[in-house]
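Next, two complexes with subunit A in common: one pairs it with subunit B, the other with subunit C.
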Partner chain A sequence: MFIELDLQSETPIYAQLVDQIVEGIASGALKPGDPLPSIRNLSEDLGINLHTVNKAYNLLKQEGFLQVHRKKGVIVQPDGMPGVTEEFEEKLRQQLRSLAAAAAVRGMSEEAFAQESKSVYRDMIMNRGGEQR
Partner chain B sequence: MTVLETILISSFYLFIALLISIQGYTGLRTLLFGIALPEEAVQDTAVRGIRRNYVLLTGGFAIVIGAACFTVTRDQTTVWSLRWWGAAILLLMIVSVFAVRISRMSAQRLKTARGWQVALQTKRAANLMVGRTQRSVLGYWWYLAHVAVMMVGIFFAVTRWNEIPQSFAIHMGPNDSPDYFINKSVWTVFMMNIVQALMIALFAGYNRMISHARTSLDPQDREASLRKQLKLKKIHSITAWGISLLGIANLGLLQAVILYGWKLNLLLRFNISFVVVFIITLIGVLLYLRFRGLDQHRDVPSQEERHWKWLGSIYANPEDPALFVLDRYGFGWTINMANPRGKIIAAASITVLMTAVLIPIFSFR
Partner chain C sequence: MFIELDLQSETPIYAQLVDQIVEGIASGALKPGDPLPSIRNLSEDLGINLHTVNKAYNLLKQEGFLQVHRKKGVIVQPDGMPGVTEEFEEKLRQQLRSLAAAAAVRGMSEEAFAQESKSVYRDMIMNRGGEQR
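== the complex of A and B ==
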């Protein structure tokens, strides 16, 4: 699986890293237990600061998507992904608010908005083996 | 100096001259002596002219210097001839530095005059699958072959110590009679083995460097650039292993000829074959890399010209965490000199290389 960063994007680099790794897990490209490159290797390959990659990995570890393995280094969580917490539902609602508002203002119907959400969700877990509960 | 030695030394000089002269044509085609050009400028007649002028300038000087050196050293002893040819190579390198400087200035002027702009790549891509980039080079076990050859030499020297004469010849004069002798001691008997050990360290280090060099992907074509990078590393690793093994065997043979009086002819034939194999392999690898487009890779994070100092030959980027990056000439890797570890490694490599070269020179005077 490849990671691609846009240095000129408004999204900070560490956030791009976090998003793409989570997308990778969702689509099944990254399977539970798969080792990820070390912080040093990934930062060297991308040519970005070590601390940026460190921040991204730490965030993912905190959320429970990654785990530090004794021998393999950083791996994708093998013992089951974190479930839907209240925190996550709150975050989901927060981020959907602005999109829903913009869609409503522009005249998009509720069904169309739901349809878009569904198809994006399906895209994310398209490659079989995606994390589904 | 014998005819054979003359041939060996002058062909080595010619080989160096060739490598220096084709500098304008190796590596990234969009790079003109370190100045980045847009794609459409590559076929420009003025650009081709700059490259051609460089070849003519350095090639011309190479021929003149070479011919002069040849005539001067015809009747000299080997030691003096080696000094003259060494000076000739040094002079050629100085000329080439000036030629590169001039070419670079012309390239910069041309770029400004034509208003060419090169957009900086702001996307970065990397591979997350750890398994794919592991084993990109030969394992270190392969260097056991080198160690074995060295051990054979040491074993022979130890077991046949008493048969080695107290003073042995280290050079044959023009009349096939020995003209330089040195005394037997632990240092002189095992000198070749010491040089072998230094060479093993150097080449194993080179192998290690390749495996640690960053795999920078082209965001436009990630899969293909990954495969090409891995292939490039493999080719370099295998070539370095083979060439160094032949070189170490050569040194072992030299030791046997000096200590046990083996046939000199054998050594000379091996020497010539080694030089021939070395030159052909290097040129072959260069051509192969060019034909397969393996030398056209852009190392994305190190593109900015301000990081390439000293006429674009040294890379120093404090923001880049990588220690080893692809060289701009498309052949091999270079050290990030802004990294403190990089400075240490560069200093250590030069020291080891100098020691390996100077030990025989200063002992065999």
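== the complex of A and C ==
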């Protein structure tokens, strides 16, 4: 698994880690049942704190995207990903609203905003089974 | 200006404040040149820390959405809002990618995601000149 952190970013490290693992699952680079590095290994590989990796893994476990086993370690959810819950829908709309507002104030049209959303989704999925990252 | 904070939310208070002011501008509830409450007044009205309001106002000033004057106080940018810069485009795509990934993993289609983006944008703009909030 290839993780690239931007230490200059406003986005906290744990959130970058969450995003990249979710993108990995979405693109198919990470498949159900695939093992993830242990907390210790990943924190050492990336040169970041154990707690940061732990926080990211815990959030992903709570979301239902990962499972944590004593024996198997951390694996990508093998028993079906969670669906579009009401809670997720609510959170999605809230975050889209924040982005749409900034876009609208800057003069981006509804059509351009929807098009941007579409192309970002498509580009991400297009990585599916794509280049070795 | 009507600000509604959710103290239980994962979203930090300053970010909620930023979002709601930007949404106010996007919907037309706040117009160029409109005055905003002073930092002191807003923090007292909302029962939150001065620094929290200051942080939100500063971010909005940096973005070019607000102006801060000695005499006039804090006002909505009267000299034209900033446009869609490369920096904004980059940030927008990054945040959309994070949302699109979570949506895709949960089985939301590209079309549904784009439609959601479109409807969120439209609902926000439809508040323009709408109910007194």
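Observations
We take it that the second predicted complex is superposed on the first by the 124 of 133 C-alpha atoms of A that agree within 3 Å, B and C clash if a C-alpha of one lies under 4 Å from a C-alpha of the other, contacts with A are read in each partner's own complex, and residues count from 1 in each chain.
Going forward, a contact is a pair of C-beta atoms (placed from the backbone, for glycine too) under 8 Å apart; a residue touches a chain by one contact, two chains touch by 3 or more.
Computed from a prediction, not measured in an experiment: that's the story for all the values here.
In the superposed pair of complexes, A:8 makes contact with subunit B only, with no contact to subunit C. When the two structures are aligned on the shared chain, A:36 is found in touch with subunit B, with no touch to subunit C.
After superposition on the shared chain, subunit A has more residues touched by C, the comparison being subunit B against subunit C. Contact with subunit B, but none with subunit C, is seen for A:47 once the two complexes are overlaid on the shared chain. In the three-chain superposition model, subunit A touches subunit B and subunit C at no common residue.
In the complex of the two chains, the subunit C residues touching subunit A come out as 11, 19, 22-23, 25-27, 63, 65, 81-85, 88, 92-108, 110-111, 113-118, 120-125. Listing the residues of subunit A that touch subunit B in their complex gives 1-8, 21, 24, 30, 34-37, 40, 42-50. Across the interface of their complex, subunit A is touched by residues 122-130, 214-217, 219, 222-223, 300-302, 319-323 of subunit B.
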